[in-house]
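Every chain is named by a letter (A, B, C and D) in the order it is written, and numbering of its residues begins at 1.
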Amino acid sequence: MIPILSFSEIIELILKVLIFPGLAFPLLFAMIVIWFERKFLARIMLRIGPLHVGPLNRTGLFQPIADFLKLIQKEIIVPDNAYKILYNAAPIIASIVASMSVAFIPYAPKPDGGYWMIYYTPWSLLVILAIFTARPFIMVGAGWASNSKYCTLGAIRAALQLLAYEVPIALSLVSIVIMSRTFDLAKIVEAQSSIWFIILQPIGFIVILIAMMAELSRRPFDIPLAEQEVVFGWPTEYTGTQFALVMVSEYFDLCAVTSLITVLFLGGWSGPAIPILNDVSPILSGVFWFLLKMAILTVIIIMGRGIYPRLRIDQLLDAGWTLLIPLAIIQIIITLFTAQWWIPLLGGV
Amino acid sequence: MVVDIIRPFFIGLYHAFKRTFTVKHPFVRLKPTERYRGRVMLNIDRCISCRSCTNICPNMALEMVKFEKKLVPQYDAGRCCLCNLCVEVCPSMALSMVHEVEFSEYTRKGLIYPPDRFSQPPKPITEKTLTVKILDKKRGVAHG
Amino acid sequence: MSIMKLSMGPQHPITGHFRFILDVDGDLVLKLEPDIGYTHRGIEKLAEKRTYLQNLPLIERVNSYCDSVGTMLGYLEAIEELMGLEVPERAKYLRVIAAELNRIASHLYAACLFSVATGLETMLMWPINDRELILDLLEKLTGQRITYTYPTIGGVRFDMSEGFKEEALKRLDYLEKRTEDYYKMLLWNHTFQIRAKNVGILKPSDAIRLGIVGPNLRASGVKADVRKDEPYEVYDRFDFSIPTGKNGDSYDRLEVRFKEVEQSINILRQAIKDIPKGPIKKWAPPIVPKGEVYTRVEAARGEFGYYIVADGTMKPYRLKMSPPSFRNLIALPYLCRNVPLADVPVIYISLDLIPMDVDR
Amino acid sequence: MTSMEEKVVESIKTRFPEDIIEAKVQRKNRVSISVRSDKIYDVGLFLRDELGFNHITSVSGVDYIDTKEFEVIYNVWAIDGKVLVSLRTKIPRDNPTLKSLIKVWEGAFYHERETWEMFGIKFEGHPNLSLLLLPEDWDGPPPLRKDFLLPDTPQEKLEEKIKRAGGQ
């Protein structure tokens, strides 16, 4: 059955899909984060970073766009013995899958009672978890299809890494669900309207932050992409546009992950209303707080690349199973015992 | 252990607000020190055509050619290793090292300096220049 | 169980101009075979065609971008021993100053490469930045940044310029202060320690048996340093110690280098303080008398040996170099047996092999 | 009170009176011993086990083309005794074979391989005598022999150079 939409609903849907949480937002996020990462890491290393391209006098703001333009002009090289269908499809699937999860994340409440999100479902947490799990399969497929030794090694490492982070993520989500008694992300945010879950569950936050950094293959957990060991891991053979898609899909993932952590632990859009934005629309105020929290998380995740060396795969598995999983279980036990006191204090449930 | 894990975070953050070491090169240039060996320059009037320089040059970067009825060396910057041996051996002090920093050319031919070009002093650096001393002050290295 | 042959390099982010042929089983490296020679320039043969003086710029290019003075000193020692030439005091001090500055630059370079091997790019840039200060200093002293051709037969080329002493002392103070940041960021960083400790352990007996030299030998706990064993130039006049490691793992090899930087700063301060006045160069004849000589010097990467056969002409009859990296090369296949693939770059970089030095 | 250098010379002369051609102290810390080529393995073992020369420094060959001989020199350092011994032997140029000493000093592995490649001296018992520094498709003679002549340094004709430079 096709729901019949009114004109304003159609306009709203188009806005959602094309501009805010939809197509333009992850692209803009990727562009700004790539620029910020380069510039910020350069400052930590006492360098200057991108300098020439773009406005605002030698800030290099448009450097990612210039890089992208350069990459799309390049020839696409397919290795001779590659499994061509999978090889060519993998970057496209990777970027689609990575950008899919923003559709299920509520970014702000609407004044009429709904939420500013593309597709509302009461099981959105489970859907996003499922989408995250799909990513390593694309890596393994692409690595195998490239028919290159380094790609295969990187793909196997990606599959191994899945074992390390997937279980802690699931376990630390359990305590969130116990606390809020729902799988609906919007309801989880509303439950935090009086007190954020980061205060109630600091251990869970640390576990999920570390596990998500492993999921994103950010340093110190960029083992599948380890440049010094396996050249560039599973996307070694990609060139031109395909490489650009692979790179962009990583930042789409970063966007989705920071959004998710913001929703789960940092209270989503909650924050004092900002008068100027509130006058235009109450949605903007919520979005502002949401983006601010995302930005702080992004900085923390990016900092990992500047200050930590990469771990070895056995060390990561070791840390995952002997440190993160026990911590997550401890968090569950604490939550179970203290939930009876906390739950009445939470709003919206 | 936890301290050792968290401390780099703050050190890194602190360094993000320090001054950078890099010089924004095309916009700002660094002035070479006094003794800097950029390339060799010839004083044609002083040259006595003794061939000492062409004999000592390890890479055969110098070659005698005829220029205005006189044998003088011609210089090949592509072969020169800037070792200063020819300057030391020259009996009439006709050769000297000059401060040329950028001598890239589009063709190999451009790196060969015939005597008339060989005896030209390099272009002075016109853009904003920094000396090492000023730079050090900015970096907070040698306070003075 | 199947074994995969993996060819690492020469186009690889970490190996430089090397190629390793690895036998990989899953993530485990069973055997490593180095394939060298990508930067072989035949310097030993070329040196036979050039005069002793013309060889100077050639010889320093054996290991030009890190340690050119340390490389050249052995050659000059050998020629001066054959000639029976006594170098002026001031020149000896200047040679020591240049060599020690070079050693600091080289060890900083080694540290930054090490952090690259583990994936910490910040510590790639910081030592490189501070190495720049040393290079500025050397530019002030010698007129070049990397290939100085500074020492020459019978002395050195240039005297200290005005203000060199003060500037050098200030920079050394800064460097000493700065080392603390390195320790906090790299050596005491727990994540780095678990990557580098207990990786590539080289026992002292093995290190001696394989003929390992330099900081790698000292990291295994063997106190062997040419500067102490048979002092050349004026090293016997300075008060410094030889740092040694305990376990002989990759971490120790880096730590020994950091400690050696401290000792070099110590030597430099003494040398700058004690330097006597006098001439800096003595005239040397172009012909070297007939004879054979073997000299050893402690370059930054270890002991550099020169074996020269002179036949009484202006050109050497045979010039044999035994550079430190070539002698440390044998440790690489020895240590990379049954290690994870991720440890191969760490072990390789911890030995501080420079392809140019290996290949000559 | 005999110094370490003299002690080395004494003991090597008493142990191998027949096979030592010459043994002398060159200067402080340097001892030179030349032996007959067939006994080099035994002398090497003696040096390592009895006299403590344990740290191999270099293996070099010299091509004496006038006397049609190769000289192979093992320079070995004693870490405790602080003496460097040059163990040298001469082998005929037309049949250069020598017993490999990697059983004595394991560190000589790459040194011997390089000497084989550069001089064509065959080391019997060396497990892997293959090209090390030279390119894989090298088929010329061993390059450090004196009869391998380098081409003259590539120096272009004068006129050509001037023409390229656009001079007169």
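One rule holds for everything that comes next: contacts are C-beta pairs under 8 Å (C-beta built on N, C-alpha and C of every residue); 3 or more make two chains touch, one makes a residue touch a chain.
No experiment lies behind these values; they were computed from the predicted model shown.
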item: Far-end chain from chain B, centres as C-alpha averages; value: A
item: Interface with more contacting C-beta pairs, comparing A-B to C-D; value: C-D
item: Inter-centroid spacing, chain D versus chain A (mean Cα positions, whole Å); value: 62
item: Rounded Å distance between chain B and chain D, as computed from the means of their C-alpha atoms; value: 41
item: Whole-Å gap between the CA centroids of chain A and chain B; value: 49
item: Centre-of-Cα separation between chain D and chain C, whole angstrom; value: 23
item: Shared interface positions of chain A, touching two or more other chains; value: 44-47, 306-308
item: Two or more partner chains touched - positions in chain B; value: 8, 11-12, 15, 21
item: Chain D residues counted as touching two or more neighbouring chains; value: 153
item: For the chain B and chain A complex, residues of the former touching the latter; value: 8-9, 11-13, 15-22, 24, 27
item: Residues of chain C defined as touching chain D within the complex; value: 36-37, 40, 42, 44-46, 49, 208-212, 222, 224, 229-230, 294, 296, 303, 305, 307, 309, 317-318, 320, 322, 326-327, 329-330, 359-360
item: Complex contact set, residues of chain A against chain C; value: 41, 44-47, 149, 153, 156-157, 219-220, 222-223, 226-231, 305-315
item: Residue ranges of chain D in contact with chain C within the complex; value: 28-30, 54-58, 60, 62-63, 73, 75, 77, 79, 82, 84, 86, 105-111, 118, 131-135, 143-144, 148, 150, 153
item: List of chain A residues in touch with chain B within their complex; value: 40, 42-48, 51, 58, 303, 306-308
